[in-house]
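The block underneath contains the structure these notes are about, expressed in structure tokens.
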């Protein structure tokens, strides 16, 4: 019954050639950490304004995929293409990709030591194009406003997460890559952030969301891609995953 | 004995600083060594071989063996110098080691040669200790020493500045500095000068301003810089910069004295040396036949006049070769015997004696002054006086040289 | 073997064999072959390699394992040398007591310096150790001259008491020995147009170096060694795991200080002179560089690094223009001049240039040091036999098809 | 009293030299996180810029003067500097005399280029590498630079005097009612002090009133994340390196009359400047400057015979003693930031 | 009296009162959960317990002995182990070595000069570490470097490192954050099993209510540095104040 929904990397590429041009697309991405082969041919498309949930177990390669997309040095992409709104990101460096419209919220938050909360935000607004103003950010995260003179790394775990998301929004981005944004956040805040994501979506920003809390992510997302050992094992609508017991059991263990 | 040359060649070891502050001296020494080897092997114009009073050398190498040489870098460190000398002895079979441009290195290598059983012909080493408390039977020094500098300089200073002077000493804080200070202070005090203060400065202090600044206020009217090399250049530059030479103290012109001068160093101090007195072992402007011959062959080959370092090591090489020829053997003991008490002339500096008691050579010492208007970049010093050897000779048991024992010559294995 | 596992035993065995045959291995070129300049098989160099090998291995115990970069280890080398020479002067020319005293004294100094310096980490630690070593150096050069004999260095003299050796009437200085066997006695064998020198001093150093190396292997493989690596990785975690990192680092510091003292003692045993220059910061820097050049944190690396640097220092500095001319005399005159000129920039007085360039090349292209280079060679050799790269196979040319995104 | 005042003045001036060198070093060391052992060599190259300019200005053509002889007895060649021939002996002579101040202008582009080449060609590969690797590679570079300079300029110091007008010293004592000659201060050192103040001020304002400093600091702490924010950190690191090289180079130029340049002066200064930077506290520019002055003044005091007679040899080790005391009482130096280079 | 007694603990950071006046008593062999909004001071409280921070006021006693003023390693040797919020492991060491180190620390105390023994000759310890890795399902990653683990794996490793010490009090700061659901469930099972098998007390901070409610015997809700309520899980679930300040509307799973 679920057979036809399973799309492997091979028939994806055919799909890639035929279907309508996607706003953001990753095609046959391969990436290595040194000698170890981690991202083993990942392909997917995202349409403008969509939220895509990227799911999978620990070590499936979600973070690695996001990092590869964001053009960080590690893992090293050996093959593949990344397109965003007619620009090919795969030839860019991380900072160029960021200017092109990519915003990554990394999994360990990466608050910059030695800088205050506000400086962390200002840093994001040094290079054009600039996104949300500081006032607007503080409106959304009043906690950050309270703490704005404090050194960023002394924030509590949850506050750091807020800062990290806020920092991404401070830039004018087209695609937001979120790596486990809910991790370590109190349920109320998770609700809050979910709302924010909806607001962001309403503004037409495309989002790729990596999350262990699959149910939450799937409720929010339009589409889902499931990774396993560095390859795509499912690509389809989010609803389907939620409803399909077998899928959930097999790939998400829920 | 160690490293008896059995083939048709004999190897000498030239151990000079090739890196560090004295690399230029080292390079000049090497040039002179090469020239000496060329002359010994019958090449070139023969240089001082023609003026040397001993005629044992025939321009066919030493005892008919062609002279070859190896070189090494002392890095102006006792350790590295010994390692380098050892490799010459152990690896290359050198029968004689020569070179160096500081007393510490000379004494360390001299000790090594004594133990290994080869001859050491010191290069630039001015400390009293080299032929004083650290003298060795296998080692010989052609250079003059701190005592001789002081003995030569004192009368000239008295003539120039009078006998009522107050001296302030700045001294490099290590053994050479101390012997230099002791010697010059003793010599100047003997003619009536007072010593106001003796201040030790760290080796390589760089900026001497904090030592120079209090000088004027101390009541002294003469500053004696017991420094050498980079320290001398810097302390002198600082002193001139502070305007000391334009000052009047106790109603007299303030004066600066640099007991040990070298032309290469004088160049580093530039115009600052003008009118400042000191002593030196040899200078290319000497007009005796030997010096002229040496300057000619060196200058023709390299395009500039030799330094005192070059002159010293050239002489050392010739003297060694000559001693072997006269002694008829490369055995260090035979060489030592031939050199001990040897009197000769024709190597510059007039008649010269290698004293048997301590292996120090006694010859005329030059008192020089920095030139006011040098005509070329080499013409920095002018000779004020040639102090005869007799005036700088001291008894072998002089207290400044007491302590060590020469020991017996060691021919090695 | 000796409580080592198989690979380590094999490794140790190889090291032992290499050491035993050093006098032959380091004399690869026939005399008068022109290349005999490159032979390093003479006692002084071989001893130095062994001794500095010990120094670097010890340094690596601190730096390679714990990551604490000491910039003052030369102080221990220096004080070890002074202690040993004093032993020769006062007690006996037998090297054993001298070496023991060297280790004890340097160990004590290490306790003091380590205790204070280890209160800080990172660059602050480095500067503290540097400051201590520079103080030792400056004092030894000047104020402490009565003990150290300043610039010249502490030497033996005929008038030394040497209580145990009894009075000698000899007019020449005694030589260092081990129970009567003189350190500087050598046995020379002429074979294959080469002279091989088997020197007592070298074998003495070699045996000690092997022991030191063996101890280092044991230490690397021990729980203690693992703790030290954990210190480097995450000290915080160790503390919350119930481990007190201070005594671990101090122990490592003292052990490596004693290795340095041992090396210093051996230096004095081979050549009884102890100079202040041994404590200069450049000497501390030298051991850092040996270790990194060879490969910090590896067992063999430091020894390799020590060998390369001592070899360059001793062999390259001696290749002067005359030697170069004798090599290239067969070239046409003009070309000979040019070639000799170029080579002369890198040898003789230019040997420092070679050293500098070696540092830069090695560290840029072989981040793990020379050991990494050897590993790569080994891997290359293996790969040559069996080529595997699954990615290359699946997509040999890496050219993606033209994309529809192109407008 | 007067002796103390004298030493304070002296120390300030010594301190300004230390501060200036440490400033350049801390720009690289404290903000880019690179332990740059080649910094001393950059300082040395700066000093040799002064030497070179004075040589260029004194470039001469030769005429043979048959009335004089050279050392070999041949007719002597007389050298006349081109500038004197072109601009007349007066102005030409003045140009040569003013070589050191002019060399500041001459050195800035050269030093920036040196910094750029160094960073692009070498250092950039080492930001992520351990400090030990950085030490090795920059040490290697320092040796290479030294050897190159040694090849062209020899090993002995080269006299590089300041312009004639700055010769001599200013009598401070007389101004404040002390006896003449008690407190004197050479003019050139006053120039140096002012110059140091200007450079330090300029660097501070640049880093304080632009976001540049913050970006570079952030980039050092976490390159990756800064890249994610669209900032091309590489370019800024390069600029920073060029700036640091220029500061060090200018310090070298101005120092040339005080210390005749020689090829290993950089190494001599290196240890000291590292001590200054660390005592000041990693990553802190004010710290480096403060430590420079502090150590300068203390060193001056320690060189007084009155103090040396109490503690023999104290002037040899004062810097290190003070460094140890400060690091033990203040874990991160005078003004250091937490977490910078503590691993 | 509980095994862990926190009385009147307060901690200030500059202008911020991170902990007000915290009183907490954890009973032996229970699981005590601490929940609360972000920035409530939960991690700060743990920091005060393990010696990372020294509280400004108040006292902390473990098993009748004060822990204040003791160094972190001494506190650990008393029997307190902690899992951090951001994984703290030995990045340069292998997974196996990561687990071996706490084993040695447990057996040999805070320092021992075991420089001459070989790890390979410690079968007991090796076996214990291996068993632990099997328990947390990481045995196949034993040769990997700590730093090259994925984030979820790092957490599991850190927990293994603490568990292998057999602590009497285990402090867990968000142990399952970022863990896949399946592994979260495994972790819950593992912790339950350990709780049943050994004498162990746990204090756990979590934002995942599933974990909290499956494990906790008692829950303290912390808000703005002071305890809001302390009660059994069931009572907390329905507590209106807690709902408003922390849980929010949507309740999942």
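Residue numbering begins at 1 within each chain, and the chains themselves are lettered A, B, C, D and E in the order written.
Methods note: a contact is a pair of C-beta atoms (placed from the backbone, for glycine too) under 8 Å apart; a residue touches a chain by one contact, two chains touch by 3 or more.
Predicted model, so just to flag it, every value in this text is computed and none were measured.
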{"item": "Chains contacting each of chain B and chain C, listed by label", "value": "D"}
{"item": "Relative to chain D, chain with the most remote C-alpha centre", "value": "E"}
{"item": "Length of the line joining the C-alpha centres of chain A and chain B, rounded to whole Å", "value": "77"}
{"item": "Rounded Å distance, chain A centre to chain E centre (Cα mean)", "value": "29"}
{"item": "Between chain C and chain A, distance of the C-alpha-averaged centres to the nearest whole Å", "value": "51"}
{"item": "Chain E, residues touching no fewer than two other chains", "value": "none"}
{"item": "Residues of chain B engaged with two or more neighbouring chains", "value": "19, 23, 26-27, 173, 200, 202"}
{"item": "Shared interface positions of chain A, touching two or more other chains", "value": "none"}
{"item": "Interfacial residue positions of chain D with respect to chain C in the complex", "value": "35, 122, 125, 129, 131-133, 135-137, 139-144, 146-148, 151, 267, 271, 274-275, 278-279, 282, 312-313, 316-317, 319-321, 323-324, 327-328, 331-333, 341-343"}
{"item": "Chain E - residues contacting chain A, complex", "value": "13-14, 16, 35-40, 42-43, 85-86, 148-153, 156, 174, 177-185, 207, 209, 245-253"}
{"item": "Chain E-touching residues of chain C, taken from the complex the two chains share", "value": "3-5, 218-219, 221-227, 229-230, 232-234, 236-245, 247-248, 251, 255"}
{"item": "Chain B partner contacts - residues on chain C that touch it in the complex", "value": "39, 42-45, 48, 138, 141-142, 145, 149-153, 155-159, 171-173, 175, 197, 271, 273, 275, 277-278, 280, 313-314, 317-318, 320, 322, 348-349, 351-352"}
{"item": "Residue ranges of chain E touching chain C (in the complex, touch as defined)", "value": "50, 52, 71-73, 76-77, 81-82, 84, 88-93, 97, 100-102, 104-106, 108-122, 146, 161, 165"}
